[in-house]
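Presented sequentially are two complexes of subunit A, the first with subunit B as partner and the second with subunit C.
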Partner chain A sequence: MSGLKQKGIAIYRWLDSRLGLAGPVIEAAEHPIPKSSASWWYVFGSAATVILMMQIVTGVLLALVYTPTARDAWNSLNFLNHGLTLGWFLRALHGWGSDFMVAIVLIHMTQVFMFGAYKFPRELTWILGVFLLLMTFGMAFTGQVLRFDQDAYWGIGIGASIMARVPFVGSKLVHLLLGGPIIGATTVSRFFALHVFVIPGILLAFVGLHVWMVLRLGINEWPMPGRLVRRSTYIQEYEAEIHKDGVPFVPDAGWTDAMFAAAIILAIMACAALFGPIGPTGPPDPTIIQTVPKPDVPFLWIYALLALLPPKLETPILLIVPVVVICVMLALPFFAGEGEKHWSRRPIAVLMVLVIAVSLGTLTVVSLNPPWSPEMTAWSADPVQPRFLRGRTPLERQGAIVFQEKQCRNCHALAGLGGKRGPDLASVATRLTEDELVRQVLQGGGNMPAYGSALSPAQTTALVAFLGTLNGNERPARDPSLELTHSNAAQKQQKF
Partner chain B sequence: MKTPAKILAAVLLSASVGCNHLPGKPGLRPETQRPDQTHDFATLYKTNCSACHGDNGKNGPALPLNNPVYLAWAGHDAIQGIVSNGVPHRLMPAFGPGAGGLLTAEQVEDIVNGMMKNWGKKDVLNGQNVPAYNPGSAGDPTQGQAVFQRNCASCHGADGKGVAGGPPHVTGSIVDPSYLALISSRGLRDIIVAGIPEQKMPDWRGDASGKPMTDREVTDVVAWLVSQRTPHPGTMVTPADKRKNQAAIAPVQSRGGR
Partner chain C sequence: MEHPTTQPSQHSRRTFLFKLALLANGAVGAVLAVPILGYILGPVFKRGRSYEYWIPLGFLHQFPEGETRLAHFHNPDGSPADGQTRTLPCWVRHIKQNQFQVFAINCAHMGCPVHWFPQSKLFMCPCHGGVYYQDGARAAGPPPRGLFEYKYKIVGDRLMIRAGQLPTLATHASIAAPGSSPCQG
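And now, the complex of A and B:
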């Protein structure tokens, strides 16, 4: 045994005398950090790096099977899911890893912002961080495209349509990205190159620089209210603090990083095992119209935003806001490079983070169950519940069929079942009189199309008779004028 | 092997076996197929037909398909024709590829076969004297009225406008011009011969007269119902109603039918 050990040490010595890496690595590991920073708040950056490593490993394994062509990409993922032992788990790890990566990077960025760590002398670290964030989104987006299912198709479509709005060069950009004017045979290989070579290459280089600077400039100290950053004195103060009660990164702070990274990896594995791989949804075929494609979680908020923005504002907002936001983030350390670091003295910063987090969160939640998109199959797939038919006249039952056949159900649920674009009509008769129902159906209004020319008078009569029965167990709304002119049901029948 | 190594090996082994039963493992789900490659009857029926014909072919607003008498009487070919081409100018849409439907010919076949297999009973009609599927003549409305009095009036009222009294009495009118405009003569014949079992509308055998209806009687009663169609069903009848109708439609037209 001891002979083996001796041999091991000899090999290590041989290598290190040539490489000379052990010294710097050990030095980096043991570099002193402020005692206050050996905290659970400082673990997100290293966790993101660890997830990145995991993504590289799983990504390489996926690339062994994945076929980056428009014809076979979708099939090769289905082969991974169903044809290879644990192939699905590999996909699930990579997919969930991506979602976790985006989340952790965002949290890391928020933490850095709230702790004022972007201030002097760490401006460049922050700026690289902004690029790393953008590249993380880039990886998430290109990865979603490589799945090449219906959602991916949607994603590229939207991405291309945003790009196409750029003045002058829009169509050229689209051409460059898609390898043609439309999504075609070369699109997947372009995105494959981006996802596997271009972005990861830059990403790794930037991560290296980013970490290098963290080591070189030292980890941000725990902010204290009233302790201001000044360019002239900060470095001496920091050195003094480290000198006074600095601790070595390993083991004093390193163990929190290691624990957290391990917990995150376990969480990714758990999600992968429990929820499985993300997609592929249906095959990418624009002729399949019975779907409502949706982007992956990190981009859901854009989906919601696009759906909710009035069409006139779309182009300016899509083109101007991202540029402004990125510029502000890049410029941040220059106009706020000095002064308070503590959040309690930076109300505007706190407010900004809250507003952004709440709006992104709301948009994401809204888009999980998008109320604005009609449910394309409701007209033929959602039964009219028997309780809305019991004891109804033949005419009213025909009205229920008209309701389905004219696809009203795609926008209007009955007692929760059906599309959610318009109001649920289960108790519409308590809100509207017959005249108002006729008007709404014939003229439309709000976001509802006018059906005046699409319905025969007989269909309108039946439809309104049916809607008039939807009183949710309450009594129908009464039109007082009707009460005066018509007194019995037989006359009412003839009204239309 | 030392004990820890043994434990480790055991854990790894059971983990690798257990992995094939993890909840995240994707099954062969329908959404991973093209919609036109679904051939499962339950899925096809649910997504394409259940809205109008009801869950499991019953209790929907349109005619029940889960009706052995109907299935045996109409037969595979007639039903396949209806599903492929719809009922023209009526509310039954076409599903076949030739008529602009979203299903393939094989899928239509799957649905028809599925209905026959799951809901049909081959020999319900054996030894019975069933009226023909297609009417042999136009029918005589006057005769039909008499048939209606004998066979139908007890539940539908003497004029077909319904009677009070709860099931099986029917409250609503089956001679309302709008109703008659929306249902085809084919559909009326189907109801009268095959009935609506879950609603206690009897088939051709169980009518009030006590003896099964003949082919002739069915044809005549349909003719009587159809004779009550009007040229402009569902349009307003009184001058006041007409004005109201104009008021409701005029803004639509002036806005170019937005």
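And now, the complex of A and C:
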């Protein structure tokens, strides 16, 4: 046993006398950090790096089989899923790894922002971090395109449609993005090159610089209310703190990072095993139009914004806001490079994080079951519930048929069943009079098309008669004034 | 490691040569950049119109008068590696006699595929709720204009369309929004 140990040490010595890396590596691992920073809050950056490593390994393994052409990509994904031992699991790891990576990078950024770690002297670390965030999204998008299925096909169409809105050079940008005039072979191969060579190359270089600066400038100390950052004194104060109260990164803080990284990888493995690979959905055949394209989770919020922005402002917002947001993020350490780091003294920062997190979260959740998309099959798939037909006159029932046949159901639910684009009509008769119903149907308005040319007068009469029965309490609607006049008439008849 | 005994400034000839070599590399790099940029920006330099061709869409009898039907065409530019993506759909509306409208499948909002519903005479988009009337005019939802239309002509008993690029607001901006000209119904 000790002989083996001797041999091992000898090999290590032989290697290190040539490489000379042991010294610097050990020094870097044991570099002193503020004791307060040995915390579970500081684990996200290293976790993102570990996920990146896993993505590289699984990505290379997928590239052994994946075929980057428009014709074969989808088949090679299905071959990975069904034709190869554990191919599905590697696809699942890479897919879930991507979602986790986006999430962890966002959490890391939030933590760094809340702890004021972007302030002097770590401005450049933050700036590189902004680029790392953008590249993470870039990897997620290009990866979604490489999963070349229906969603990917129409997803690139959305990307191209956004590009097309850039003034003057819009068409050039579309052609540059697609690598030609249409979505095809050149599109897939260029996204492959971006996803596999270009972005990962830059990403790795930036991660290297980012980590190098973390080592060089030291890990941010735990913020204290009232302890201000000043360019003139910060470095001495930091040096003094780690001299007085510093601990070596390994093992004092490193164990939390290592523990968390293991937990995250385990979580990715669990998701991969439980939920399986992400897609592919149907084949990327543009002639199959029975599809409801949807982007991957990291982009759902954009998908929601595209539906909810006022049409007039859409193009300016799409083109200007991202530029402004990125510029503000890049400039942040310059206009807020000094001063208070603690969140309790930075209410605006806290509020901003809350507003952004809640908005992005809400938009994402709403997009999972989007109310703005008409349900293309509801008119034939969701029947009118029997309770809306019971006791109705033949004319009203005829109206229910018109209601279904004219695809009103694609946008309008009845008691929750059907599209959500327009209001649920189960109690519409309590809101609108007969005249208003006629006007809404014939003239549309407020995101409803006008049906004037698609309905005959007889169909309109029947439809409005049916809508008039939808008074919410599921009994035939009666007009009390009519009843009064009817009973008056009856009494009169009795009298005379 | 031993330091060189002389300062760089002392051997001025080699300093000069080194600077010259740097300059030479810069010049070579600049020349090399020309073909590289030309290659990357190839799709940009090509004029959009030059992607467009007259493409046969089908025989006239495939499109009954008064109806709107899905049709397919093969994109002229392309390679075998395009696979299915080379066959593209579009909507053909035969108004009467020799009067047609050929609509792109792509919603003018974000390019998703629009569906035709003959019962309500509407095109609906599954993505963000764009709706168009039978003549392609915008009816509701976020689209900034009506459906994109391909130019068409009739050659013998065939319907031909002018196509070749993904229709977007930029690549199709030259064609007027449907419904804007008085002779369309």
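In the analysis below, the second predicted complex is superposed on the first by the 453 of 496 C-alpha atoms of A that agree within 3 Å, B and C clash if a C-alpha of one lies under 4 Å from a C-alpha of the other, contacts with A are read in each partner's own complex, and residues count from 1 in each chain.
Throughout what follows, a residue touches a chain if its C-beta (ideal position, glycine included) is under 8 Å from a C-beta of that chain, and two chains touch if they have at least 3 such contacts.
Predicted, not measured: the structure shown is a model, and the values here were computed from it.
By the touch criterion stated above, A:G444 is placed in contact with subunit B and with subunit C alike.
When the two complexes are overlaid on their common chain A, residue A:S453 makes contact with subunit B and with subunit C alike.
In the superposed model, A:P383 makes contact with subunit B only, not with subunit C. Contacts of A:R345 after superposition on the shared chain: neither subunit B nor subunit C is touched.
Of the two partner chains, subunit C is the only one that A:T69 touches; subunit B does not reach it.
Once the two complexes are overlaid on the shared chain, A:E405 sits against subunit B and subunit C alike. Of the two partner chains, both subunit B and subunit C are touched by A:P283. Of the two partner chains, subunit B is the only one touched by A:A273; subunit C is not.
By the touch criterion stated above, A:R392 is placed in contact with subunit B alone, subunit C being left untouched. Subunit A uses residues 283, 285, 290, 379, 405, 444, 450, 453 to touch subunit B in one structure and subunit C in the other. Note for the complex: subunit C touches subunit A at residues 41, 43-44, 46, 48, 51, 70, 72, 75, 77-89, 105-106, 109-115, 117, 119-122, 124-129, 131, 133-134, 139-144, 164-166, 168-171, 173.
Residues 78, 81-82, 85-86, 88-89, 92, 271-277, 280-283, 285, 288, 290, 377-384, 386, 389, 391-398, 400-402, 404-405, 409, 435, 438-439, 442-444, 450, 452-453, 456-462, 485, 493-496 of subunit A touch subunit B in their complex. Of all residues in subunit B, those touching subunit A in their complex are 19-20, 22-26, 28, 31-35, 46-52, 54-55, 59-62, 91, 93, 102, 162, 170-174, 176-179, 181-183, 232-238, 240-241, 244-245, 248-249, 251-253, 257-258. By the touch criterion stated above, subunit A contacts subunit C in their complex at residues 69-72, 153-154, 157-158, 160-166, 170-176, 178-186, 189, 283-287, 289-293, 303, 306-307, 309, 311, 314-315, 372-374, 376, 379, 405-408, 410-411, 421, 444, 447-451, 453-454.
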